[in-house]
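Two complexes, one shared chain (chain A), two partners (chain B, chain C).
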Partner chain A sequence: MFEYLNQSEVIRSIVTVGSMALFFVGLFGLLSQKHFIKIFISIAIMESAVFLFFIGNVFERDFTAPIMGEGYTNVAQMNDPIPHAMILTAIVIGMAVMALGVSMAIEYYKLTKNTDIDKMNEMRH
Partner chain B sequence: MSSILFIALPLLFGFITPLLNKLSKNAVVYASTLMQVFLLYLVFTLLSQNTPHIEIISIAPPLGISFVLNATALFFVALFTFLMTLFSLYYLSHRKTNAYKNETKFFILLNMLLAASIGLVLSSDIFNIYVFFEIAGISAYILSAYEKTPSALEAGLKYLITGAVASVFLVFAIALIYINLGSLNLALIAESFGTLSYNLKLLIAILLLIGFGFKVEIFPLNFWVVDVYQGSSTLINALFSSIVVKAYLFVFFHIVYLFLQSADFSLFLVYLGAASMLIAEIVGLSQTNLKRLFAYSSLGQVALIFTAFALQNAEAIQAALFIVFAHSLAKMTIFLALSKIESVHKSVNAQTLKEFNSPFLRAVMLIAMLSLLGIPLFAGFVGKFLLLKSLVTGGLLGVLALIVLASLLEAVYYFKLAGFMFSKGEKKEPMKIDFTQKLVFSLLAFLLVVVGLAPFLISGFLLEASSVMLEASSYITNLVGAQ
Partner chain C sequence: MSIKRSLATTTISGFALSAAFVLTLLNLLLQNLPAHMHRAGDELLKLNADEGIANAVTTVVVYFRGFDTLGEIAVLFIASLGIGLMLGENERCEIKAESNFMLQTASRLLFPIITLYGIYVMVYGHLSPGGGFQGGVIIASGVLLLLISHKEYEVPHSLVVWLETFAGVAYVLIGLIGLLTLDVFLSNFLPHDIAQMGLLISGGIIPIIYILVGIKVGSEMSMIVQNLIKRQSNV
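What follows is the complex of A and B.
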């Protein structure tokens, strides 16, 4: 049974199903939660789901990390490095956006004592 | 080599700004303006070449970055550089009385915004597009929350949350494209995109539409826009309305033309654009707050440009580029003028619009409003006329009716505003407008009138730009050939 699971295609399917489930958990959180921080967490979950989906679907079993060095010489048996580079970039960007968002939420809370996105209506005064 | 300077110089400037700040506080402001003037000079040298504009820069595979500067891209680069330079010139005199706190940061953000908007237009690699998408986004979030008042922070937060969600959908689309086609280069994607199954194509199209839909302010993903405009400072709105959204619009349709071409999809986009325009103008009618009103007007005009691009024929694209030109200049004029009024009267609403005393500013605002309405003899007319003409030739009379109706609704509230501006009543003391600001306003108004009177001055270039944008195949061969 575990032999069957240990194939690239099966692993990819599991990752796809799992990451899509995670994506919808994040989407549900985004639509149902009202607290700023919970909304940011939901967006982060959606992001992670997409990253996981991407990395999981380019993964090949028995392939090595795309690094040149001792024991890592067979270029044909290496995983594709481009998705990793892309996801690293995207993680950094995502983290920067989250940090910015949280800091804005804190500033906003200091001024208004409000953490609820539905009660955020400075414009309607 | 010059096209990379448009991205590299503003980015580099962003990084050396803290060093310049050590020299003197004013060094940053003047150096940034000088750099933008230099970019403007580069634009003019490129525009004055008589040969077809095409320049491809490929950086070798470990980085694998490529930029394409063709006539369409050059149009947007020229527009962004020009408007950003005018903005900086305006700010040079604005800062004497109403400087932002911490100008160093402000100028870093301005230059990042310029670099990212130009980068979006020039990139021919979908992951670079994502990176510039985020850089433009982050600078815009910070600029919109810059004043740190509760309403500015609310605007920034709303902008940031929608932007972050948009980027998740964009990354999802990019991931699907890379997993199935193994490439990030727009030309290589476009070549093999047809081999994908119908469902996958549909999924990618929907994800891209959601991802870019937030940014190109299309219904129903534009609920955040009006609050952002109202919460941000008036000066910043000039940038949002005339630069940022135009860059996103171009990139979205660039991608649509390259690999999402299908009759059904483009018809759907045409109706989506026309419906968004009508909805924006209907809701705009009942607004009393000036910034909100102009935000709805921006939504309407952007939806109009969206419709024109979605029609996918050379005439309609030419119309779209005309409207982009006229709308960017007019909204820049109006928001700068509103910010001038705000800096003198401390607030901007219907009352201050009645009271401010400056015939010059009043005339300039009137020109911009008439151009937005598409009154003949102003630049806005040419674009709207070409668009209506191409709708008639295309037989899309339903869309035509929607657009005409929306334009009439827009006319109602613009005439109401003009009524406020020219109503008799008590005026405050005459407003002082110094030379630089007069220069900026006159230049914008002059261009709006001149292009309206003599559209042939730019229509040749715009026609070249629109045919280049439409010809996906030559873009693909040029780009693939360069690698």
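What follows is the complex of A and C.
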């Protein structure tokens, strides 16, 4: 009954639509929330949507992981290793940026006791 | 009609319009897709066999993009440095709650196993899924377990400084040796026979570099975690 779901194109389009929906959830949170920790969480959600999009879109049915070994030497039947490597880089950089941003938020809260981005007007006067 | 209500309808119709647009675009893309696309990774997978590394992702990260990985751990180092400068004060925060006996015993029991697993993931990064970044983060999670269970535990700072310096300097030195011997920065100057593929000692410099990356990531992540947990107490 659900055989058609088992094609690579269908799975890739499901991943694409789902990751775009997740991206827009994160974007909505980014635009609508006022608390800066919630804004960081929204940015993290958008990041994971991009990771899902890249990793899910290299999926091919009956392809193996890009790891060679005994009986796994047919490189034409292996998944593309480039998105995995790119997303590995992106995850590490995203983690570093997130940790630095959270520590800046902690410092800002320590100085001003304020978590609302609308009340961040220290530079104005 | 109140202004709030009209705003909500605008938002919803905007979302619906953009969703319809995206779906139309996707439909067009998917209908015009060739049966088997030629991917950039195919060429890399053919080149990957020359280096004698089983895991192609490791080859891409450490060898084809080795210079980018050097920049990436530099970014991680700068982030760690910034967090240390902002949060790493001399006065440490008193964690009020004493963690219970079972958490303390279990964390002491689990920490060597987590560290061993992290080292395994790090060392076998060129043969199986995993590698330096993943192994380093696993080791940092073990340190996090110790930090939340033992109030007085601190990451040994001199050891972390030594390990981080060693890993960073060794990475650059290996790259420079490649530059001197084979005229390319980070070239594979150690023997890398394709017959050795799948063995633990294979692939020349690639496993060595990934282990160095793992040491650096593990120490930096441990320091980030400690600085975020044991920050100054006046919040």
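Everything below uses one rule, namely that the second predicted complex is superposed on the first by the 123 of 125 C-alpha atoms of A that agree within 3 Å, B and C clash if a C-alpha of one lies under 4 Å from a C-alpha of the other, contacts with A are read in each partner's own complex, and residues count from 1 in each chain.
The rule is simple: a contact is a pair of C-beta atoms (placed from the backbone, for glycine too) under 8 Å apart; a residue touches a chain by one contact, two chains touch by 3 or more.
Here the structure is a predicted model, which means the values were calculated and not measured.
In the superposition on chain A, A:L100 makes contact with both chain B and chain C.
Applying the stated contact rule after C-alpha superposition, one finds that A:V15 touches neither chain B nor chain C.
Of the two partner chains placed around the shared chain by superposition, chain C is the only one that A:P66 touches, whereas chain B remains out of contact.
By the touch criterion defined above, A:V25 lies against neither chain B nor chain C after alignment on the C-alpha atoms of chain A. Of the two partner chains placed around the shared chain by superposition, neither chain B nor chain C is touched by A:I37.
Of the two partner chains placed around the shared chain by superposition, chain B is the only one that A:M46 touches, whereas chain C remains out of contact.
Applying the stated contact rule after C-alpha superposition, one finds that A:V75 touches chain C and leaves chain B untouched.
In the superposition on chain A, contact is made by A:H84 with chain C only, not with chain B. Judged by the document's definition of touching, chain A residues 58, 82, 89, 93, 96-97, 100, 104, 107 lie at the interface with chain B and also at the interface with chain C. By the touch rule above, chain C contacts chain A in their complex via residues 15, 18, 22-23, 26, 30, 33, 39-42, 44-46, 48-49, 54-57, 59-61, 65, 68-69, 72, 75-76, 78-80, 82-83, 86-87, 127-129, 131, 133, 197-198, 217, 224, 227-228, 231-232, 234-235. The touching residues of chain A, when paired with chain B in their complex, are 23, 30, 36, 39-40, 43, 46-47, 50-51, 53-54, 57-58, 82-83, 86, 89-90, 93-94, 96-98, 100-101, 104-105, 107-108, 111-112, 117, 120-123.
Contact residues on chain A toward chain C in their complex (touch as defined above): 9, 12-13, 16-17, 20, 24, 58, 65-70, 75-76, 78-82, 84-85, 88-89, 91-93, 96-97, 99-100, 102-104, 106-107, 109-110.
Chain contact summary for the complex, chain B toward chain A: residues 127, 130-131, 134, 137-138, 141-142, 145, 148-151, 153-154, 156-158, 160-161, 163-165, 167-168, 171-172, 174-175, 178-179, 184, 227, 230-231, 292.
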